[in-house]
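First chain written, first letter: the chains are A, B and C, and each begins at residue 1.
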Amino acid sequence: MELILFNGFNGLIIGAFYVLMALGLSLILNLSGVINFAHGGFLAIGGYLAYTISPYVGFWAALVIAPALTACLGIAIERTMIRRLYGRDPLYSLLLTFGLAFIFEDMTRAIWGAQGLPFSPPSFLNQPISLDYFFVTYYRLFMMAVVGIIVLGLFLFLRYTRLGVRIRAGTLDLETVSALGVNVRALRTMNFGIGIFLAGLAGVLAGGNLSLEPTMGANVLMPSFVAIIVGGVGSLPGTLFGGLLIGVASGLTTVWFPSASEAVIYIIMAVVLLVRPRGLMGEEGIMS
Amino acid sequence: MSLLRIDNVTKAFGSLVAVRGVSLAVEPGEMRAVIGPNGAGKTTFFNLISGLFPPTAGAIFFDEQNVTNLAPHKRVALGMARTFQITEIFPELSVAENVRVGVEVAAGYRLRPWLRRAENIAVAERVAEILALTNLTGKADRIVGELSHGDQRAAEISMALTLKPRILLLDEPTAGMGDQETYDVTSLIRRLHREQGYTIVLIEHDMRVVFNLADRIMVLDQGSVLAEGTPQEIGANEAVQAAYLGKAA
Amino acid sequence: MKRASPPLAWLAFVWFMLLAAPLWLPYIGGYTALGSRVLVLGLAAMSLNFLLGFTGVLSFGHAAYFGLGAYGAGLTLKLLAPSTPLAILLGVALGTAAGAILGALIARRRGVYFAMVTIAFGQVFYFIAFRWNTLTGGDDGLRGFSRQPIDLGFFRVDILNDLNAFYYFVLFCFAVAVAIMGFLLRSPLGRTLIAIRENERRARFLGIPVDQHIWLSFVISCAFVSMAGSLYALLNNFADPKSLHYTQSGDFVIMAVMGGMRSFWGPLLGAAVFVVLQDYLSSVTTNWQSLIGLMFIVVVLFFPRGFLGFVQRRIQS
């Protein structure tokens, strides 16, 4: 029983990460049709930036500043490079972000080294909440709380703010939104920035949970894709659900079949594609 | 027995009703026109006929066969050919190559990894035959994406002809064309109708074209049929005038 | 369907260079095994391009079938029989079967969604190769096999020890594969695929069952990519999970784009440039990965039509 709780909880944490990453990926994919292969790289950069600035500004400030800086980098890249590819075949933006991913991984390795770097949140957070449930540290609860707040914030943002509503509308019908006088280019840039902010934030949180490595983002990237596919391309609630589902499934599988814990997310994906190709909460025809 | 019979079709996209209870019967050899102001549902109507999506209600019969839910490529196989408002062609291929694809598919060769010499010759002859019909012989080797609008439309019609269609559905064939091009395309359509005996249904905005070509005209407004009759009858119909002819192109 | 169709002389030149490679490679600092490698990866890129450049379908997970071909060949040699032809045959069978099944699952999707799913499926195989280490050797890769000399009855072709002989064997396989692909692209079937690339809607409205034809193209391209994978295993006497990873898929795509997607031989040129560049860069700097990444970006932003596409444009104007 303890084992199930332990792994289930771990699974929830992992799922939370997948959700954070997948939501950012999804936002960018839905509005701009770009598969951001460099998303994992942005995660790593977020984590490393936090590591670098936290001696000066402390953990809490770094938690906000590092993702913001990462988002700035993302926006710079969007404006100089990605923007040029919007009208074109999705092949090109895919290749571009692919190349960026290479550069990010290599540069983070060059700047911060290939060794894992320890990034510690304030030590009080590292206490477990009780000795029985030693794996439930305050930090982990904190991480989940952060993800929960972010997700809630994102949904409120998309529903009730002007920018958010425009993003949602743009996802459904960009032409009409443009015809209504909205600056679509700026919209895409802002949307991209938000997505990257989420990636950077995931990096800071991940860094505090484990250590920082140049490849830390790549490990989360593929499952984030799966989360989007399982939940349904084009549906943010679907992405949320998909991420949690595969995270928890992965965690629980560890109890009985430890070596299959990664496989299970792909199995879920295959089953979903067979039974309901549009994804669990996806809309028909959205990407065909 | 009508060649094409559309029975009371309705198409709703959520709460937006684009086509509302429209019926149409087309006899072999006729030339029918569907007109109406922008947003009247004409292209949606065509999309229903050609199978881009199924109707919310109603049925469509082609040659007395129920095709209401049949996939587009299967309707093509039954003899329904169509052109689109924005010309749909293979832009980087030559005119002859564009037509050739259609000829080969129509001949049942689409999965063939090779053709016998005799078959190759037959294909080439058929391509030449169609290009002669649409006056594109001289432009056979030109890249179709580089041709004028009118020629592109003629190329698209050529492709539709490769299917040996029982019916031709032409969606705004003279859209965006100047006087000369409109004249050329209109002559082509008339030739296809009078000399080749094709049954044609066309959507048009240009009143001169419609009144020149059509046997009967159906007027749509806001998804419903406003009027139906000969060009004379429609021309005299006050409701039509009010809804549409006042804002003629 | 040929645009500025390469004249026969050009084709003859290409084949002459390929046939004479072991002779001229050393003069430019190369070596025969490098030529074999370029041929193998070039075949992979050309096979991918059958789908990407000629049918207009973006698969970003083709390394899966490449890798399956490699592991299939390696496992055959290791566990079944010391026969090179059998190894290739089974490698191809494995890759093609996987392609047929997965292709059927996704043939109705398009664009980014299709690409995403191909990537994800590709990773499944990577992950299987990684984990099932009793069979595949895991991260260390599959070892303990080597290409076997081919016994043709009256003489033996020692492709194991004679690198030149192996090069010509690879060239032979390459020639067969490329001939079939070229032949298919000039056939009615090939023309339907090109039609789909040009305008899917129009292809559908000419009576082409587009999903079916895309599936066919997918399977054909997987067959030849897995053949390349089998040859790759034979080249290295080794198969490793990296050949299944999406970075490998990305490499194939950039080779095709760099050389020219619309051109039949473009991907081979792209492969040559990529291989040489990667070899050179990794020997002069530790940050070669960044430079490769930069290359991706430069090609995409400035040379999307690839080198041969660029040349074709110049010729036409």
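Simple rule for what comes next: a contact is a pair of C-beta atoms (placed from the backbone, for glycine too) under 8 Å apart; a residue touches a chain by one contact, two chains touch by 3 or more.
The structure displayed is predicted, hence computed values, not measured ones.
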item: Chain contact topology (line, ring, star, complete or other); value: line
item: Per-chain Cα centre nearest the global Cα centre, belonging to chain; value: C
item: Per Cα centroids, the chain farthest from chain B; value: A
item: Pair joined by more contacting C-beta pairs (A-C or B-C); value: A-C
item: Rounded Å distance between chain A and chain B, as computed from the means of their C-alpha atoms; value: 48
item: Interchain centroid distance [CA atoms averaged], chain A/chain C, Å; value: 32
item: Whole-Å gap separating chain B and chain C, where each centre is the average of the chain's CA atoms; value: 42
item: In chain A, residues with contacts to at least two other chains; value: none
item: For the chain C and chain B complex, residues of the former touching the latter; value: 1, 3, 183-184, 187-192, 194-195, 198-199, 201-210, 213, 216, 262
item: For the chain C and chain A complex, residues of the former touching the latter; value: 52, 58, 60, 105-106, 108-113, 115-117, 119-121, 123-124, 127-128, 131, 246, 250, 253-254, 257, 286-287, 289-290, 292-297, 299-301, 304
item: Complex interface listing, chain A residues touching chain C; value: 29, 33-35, 81, 84-85, 88-92, 94-96, 98-103, 105-107, 110, 222, 225-226, 228-229, 233, 259, 262-263, 266, 269-270, 273-274, 277, 287-288
item: Touching residues on chain B, where the partner in the complex is chain C; value: 50, 72-73, 76-77, 81-82, 84, 88-93, 97, 100-102, 104-106, 109-115, 156, 159, 162-163
